Amino acid sequence: MIGIAVVGYGYWGPNLVRNFAEVPGARLVTVCDLDRDKLKTVQARYPGVSITDDLDEVLRNPAIDAIAIATPVSSHFRIAMSALMAGKHVFVEKPIAASAEEAERLVDEAAKRRLVLAVDHTFVHTGAVRKMRELVTGGLGEIYYYDSVRVNLGLFQHDISVIWDLAVHDLSIMDFVLPSRPVAVSATGMSHVPGEPENIAYLNLLFDNNMIAHIHVNWLAPVKVRRTLIGGSRKMIVYDDLEPSEKIKVYDKGITLGDSATAKGDKVYQALVGYRTGDMWAPHLDVAEALGLELREFVKCIEHNETPIADGQAGLRVVRILEAASLSLSQRGRLVELEQMRRVA
Amino acid sequence: MIGIAVVGYGYWGPNLVRNFAEVPGARLVTVCDLDRDKLKTVQARYPGVSITDDLDEVLRNPAIDAIAIATPVSSHFRIAMSALMAGKHVFVEKPIAASAEEAERLVDEAAKRRLVLAVDHTFVHTGAVRKMRELVTGGLGEIYYYDSVRVNLGLFQHDISVIWDLAVHDLSIMDFVLPSRPVAVSATGMSHVPGEPENIAYLNLLFDNNMIAHIHVNWLAPVKVRRTLIGGSRKMIVYDDLEPSEKIKVYDKGITLGDSATAKGDKVYQALVGYRTGDMWAPHLDVAEALGLELREFVKCIEHNETPIADGQAGLRVVRILEAASLSLSQRGRLVELEQMRRVA
Amino acid sequence: MIGIAVVGYGYWGPNLVRNFAEVPGARLVTVCDLDRDKLKTVQARYPGVSITDDLDEVLRNPAIDAIAIATPVSSHFRIAMSALMAGKHVFVEKPIAASAEEAERLVDEAAKRRLVLAVDHTFVHTGAVRKMRELVTGGLGEIYYYDSVRVNLGLFQHDISVIWDLAVHDLSIMDFVLPSRPVAVSATGMSHVPGEPENIAYLNLLFDNNMIAHIHVNWLAPVKVRRTLIGGSRKMIVYDDLEPSEKIKVYDKGITLGDSATAKGDKVYQALVGYRTGDMWAPHLDVAEALGLELREFVKCIEHNETPIADGQAGLRVVRILEAASLSLSQRGRLVELEQMRRVA
Amino acid sequence: MIGIAVVGYGYWGPNLVRNFAEVPGARLVTVCDLDRDKLKTVQARYPGVSITDDLDEVLRNPAIDAIAIATPVSSHFRIAMSALMAGKHVFVEKPIAASAEEAERLVDEAAKRRLVLAVDHTFVHTGAVRKMRELVTGGLGEIYYYDSVRVNLGLFQHDISVIWDLAVHDLSIMDFVLPSRPVAVSATGMSHVPGEPENIAYLNLLFDNNMIAHIHVNWLAPVKVRRTLIGGSRKMIVYDDLEPSEKIKVYDKGITLGDSATAKGDKVYQALVGYRTGDMWAPHLDVAEALGLELREFVKCIEHNETPIADGQAGLRVVRILEAASLSLSQRGRLVELEQMRRVA
């Protein structure tokens, strides 16, 4: 049995606790939080789980093999690094750390100690996103663009901008789904609450190839939207996460290009770009709870010494983009090369 | 009676002809096109209208007071300028010209000759957009953002990019609806057909105040979307042009800010940003055909020596942004100041 | 060339005229209406078509081979019968006549004279309905139910109830799509305008087999709905005619039945009825205008002495149900056997 | 403190337990179920609550003032009657009993003993339904019709038909919302699983006045629909329970009737029925959990000797209609007078 401690019992911690309780091979040993009231709730609901407000106690406990961290982003690095140094496997909320440098140090430490380092990119474990990956590899053809809108009213964060809060989801999905990685990013946005981080932002991601990506995130929208378009040369996807069942729709649509050698003047050109419209298809999706699958995978990786889908490297790649986007955001959307960021870091 | 000639009987010209035929005070005298087959169609449908493929004939005809131009963008300037110099009032398809310089010269010429110069920003005559303007002025509070998505499959143009084809609509709506004007623009995009203009693009518009605007246009989307969000400090709008009747929805939603003087630490802050959720309201809209209203306004302006809502200046402002956006597009999204553009022009 | 006369130039007549003008093999000779103003409109738009307010003149004209009737329902029989007796082929607006007796007499007369008698069941020529027929035959399994909702605000008729105005569409679609025919019908409804026919009605259709059908029609609904559900033992269809492109959605959903021999008590039963959920699929549909296809078929049937899809018999079957439903409506929903109706008629 | 026992810990019981745990003034004393495994789950989650599989023990317990019953319908009467005779207040799942006779006896017993008898018509405590009642009374004008569709795939019941499972919701909402009560009912439906109750059914409800109601329920639909239309002479409502936030939309739409004295012939009539189209409005709704409000009301009624909104009489009225509908269903939709049912019962 893999002994687990959950550190942080605020917004997301209870979900980790509830799910770990049902993961075969795992035993939830301890929940740690600074807030004694929250710990009392744990005790009432899970009488068999011990509670503490002392992280060191957790780190010293030999019955604990792995630590799941659901604290504010600014503390991810410190807690995760302590855990790794204490020989514990680590599962961290997204984003994995507050900077690329921190993320790199965690990756290095985990590698050095041969410990599992996983980041909670929950969406990559959903049936919808797994299906998208399958489709991107399998039938969409050349990928032309990735466009995502993730907007709603609230919850305003005061320590991180809307990019670190919402765009992180899209970046982790893209990291999993797309065959290539961005080389440069620009971001524009604005804060409408004086002194607070940006609550609306637009990210552009450039690639080495013929692809472009864009993310719109907003905490101040009148309606909730969770919609991604992926355009391929053969098919196109609409992924609407708010649809109760048909979250993924695959459109057999696109353009066809004629032989330009025969094209002369206006009219001939018009014939060159033709439009294809075929069937639409909404594949049946696995509806198992993503977090449950993710925690099972984490425990299995510990047991068999394997690498999780969303490992420290994935967490690092996402944080690199977030960091570059933040830099761009502060410079009115200046394009920031990601390679350059890596060297600086 | 104001004598009218329509020049260009391709995609949009027939709409102009059909609508002019019903404008009180106007008489459609001539239709001019280079394509004799198209002219025959005119003759069959409108036996009382003369046809010609000779623009000079139109310009010399004293029975013609005004010329409506529905030819490709590259020819707008030449035809409009000839018409103004021949003393004719002018109504031009959007965008008014292929460059800010051209647009400025048209504006100057019309002013000098005291002729009406109107640009076909059709949307500003729709019930939905007029209602938005009313709401922006009347109840939304401070405007925070303007976000528009205008995507579908086709029609690829080969002489202008998707910005000049689709974003021109959003820019003309914004020019009419918003209380302030952008000061800088950046645009990123891509062409997926070798040698052709961009078919997907994202525009960021910066303002001097607390507002941000963004436009997503795409000729290669699997679904058709025409949706604009406007966020205000008091209310927010969703404008969905594909809705058959409730095109405008007004949400009494937003955030409330507490007294920051009393805020200390994490918890207190959370209390500071509150969320308001009230009724949603879809005002009844005037469903009269926009183009009909627009042409009536044009004729009325000629009769009474008035300035149309979408005059040459409006056309010029929109082309300035399009030009700046094109420059930005060619430089990987570099921010282009609009004031600077004006000086350069 | 088949010479055509259109009789009735009110709401639907102009559509017939416009479409006949483009049917190969047909020549629109005359338009007949009692209203001289309407005839003037015809003359202006179609200078080559003669006009008249005298039906006898049309019937006597040897250049006219076929007559398309778009007059009020009450006059269908009289005009169609005169036309048949004058040796003309006939195309009548739906419903084919105001009673089953009238419809039968038309069918008999056309048969006797070997003339084509077609009824304008336009929907059966749409890509959506043709696809439904294909699916019902090809993959839905045993058909369990057919449920249709056709509601909106207006247009109130004063000579016929909402059943004869709207349900006639559903009945004609069902007649075309379903493998079996109803044996009994009941209908309830109400008029909310004193002295006028019912503006809301519900029809139940019973069959000899395991199928049930239901139609809800309403002229006084706040929203427009055009939605049909067809449940089969293997697949199910949602047909939403207001969807711009995906009008037909096929759901690979249903129940599975276990072996009842092993079922004992409550729990075992629960296992017996299982639920299947597979992919959803929206087939690409032919978007050609249904009326155009229908008129081409009519002309082709005249040329080759064939029977149209929606022939007099189809028109008669639909009118029989309408008549039975009207009887039921007047008797608080009493079930009316259709066989019995036939005998009475 | 009011001592509470929950009897039945199957599908709905856990919701009662969870909600009673948070009702001020109530103390959850015991959970009773025949299934020992289910009781163990209770013990694990609520260590302070006693468990038993012996109903008599519950009835004898003086610490228990009220019993909430969430067992199969067939057992409602027996358990509720025992509870009332033991002097306990009673809260029963819908439908209150398996027949009108049973329901009447419960109502009489509760009245005789001055005990609170409540039925779990949960929907009448939702913000949406309460708002509908307010609107029906306040601004819709004369009510013309009530039309509800409640369809989805599953869950097939084997002891009761889809009417008793799903239509019961609509009937309880109508009982609460509408100003008048039905006088007759007819129902048609069908079972598609041999030997099992009807899985699809249509109910017609007739009233003494100008109103009609209709309910469509179906366990075998490819999509989930929960939509009610209410037509009034001044306004109309669409209530879509699947909408995440705007569940109630109020349409300022309808018809206007002209002065019939001046009406002559066809054209004048057309002018008589006019169509009004004004704003649409989605009022903000209270989002408090309905079950929580309902249980608070139940406890408050016990404390202050008051009558709950959904009392035994409401439960009885609904069961009377269900019983009449079942009778009609078994007789191919024969209209059943409700008054007559009452006498028979």
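First chain written, first letter: the chains are A, B, C and D, and each begins at residue 1.
As a working rule, a contact is a pair of C-beta atoms (placed from the backbone, for glycine too) under 8 Å apart; a residue touches a chain by one contact, two chains touch by 3 or more.
For each chain, UniProt lists the protein as follows: A, B, C, D = Gfo/Idh/MocA family oxidoreductase.
Here the structure is a predicted model, which means the values were calculated and not measured.
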item	value
Pair in A-B, A-D or B-C that repeats C-D, with over half of contact pairs matching by residue number	A-B
B-D against A-B, pair bridged by the larger set of C-beta contacts	A-B
Between subunit A and subunit D, centroid-to-centroid distance (C-alpha), Å	43
Centre-to-centre distance between subunit D and subunit B (centres being mean Cα positions), rounded to whole Å	52
Approximate Å spacing (C-alpha centroids) for the pair subunit A, subunit B	38
For subunit D, residues contacting two or more additional chains	277
Contact set on subunit D toward subunit C in their complex	144-145, 147, 149, 151, 153-154, 156, 158, 184, 186, 188-190, 192-193, 195, 200, 202, 204, 206, 210-212, 214, 216, 218, 220-223, 229, 231, 233, 236-238, 249, 251, 253-255, 257, 260, 266, 269, 273, 275, 277, 332-335
Interfacial residue positions of subunit D with respect to subunit A in the complex	45, 47, 224, 242, 244
List of subunit C residues in touch with subunit A within their complex	245-246, 252, 277-284
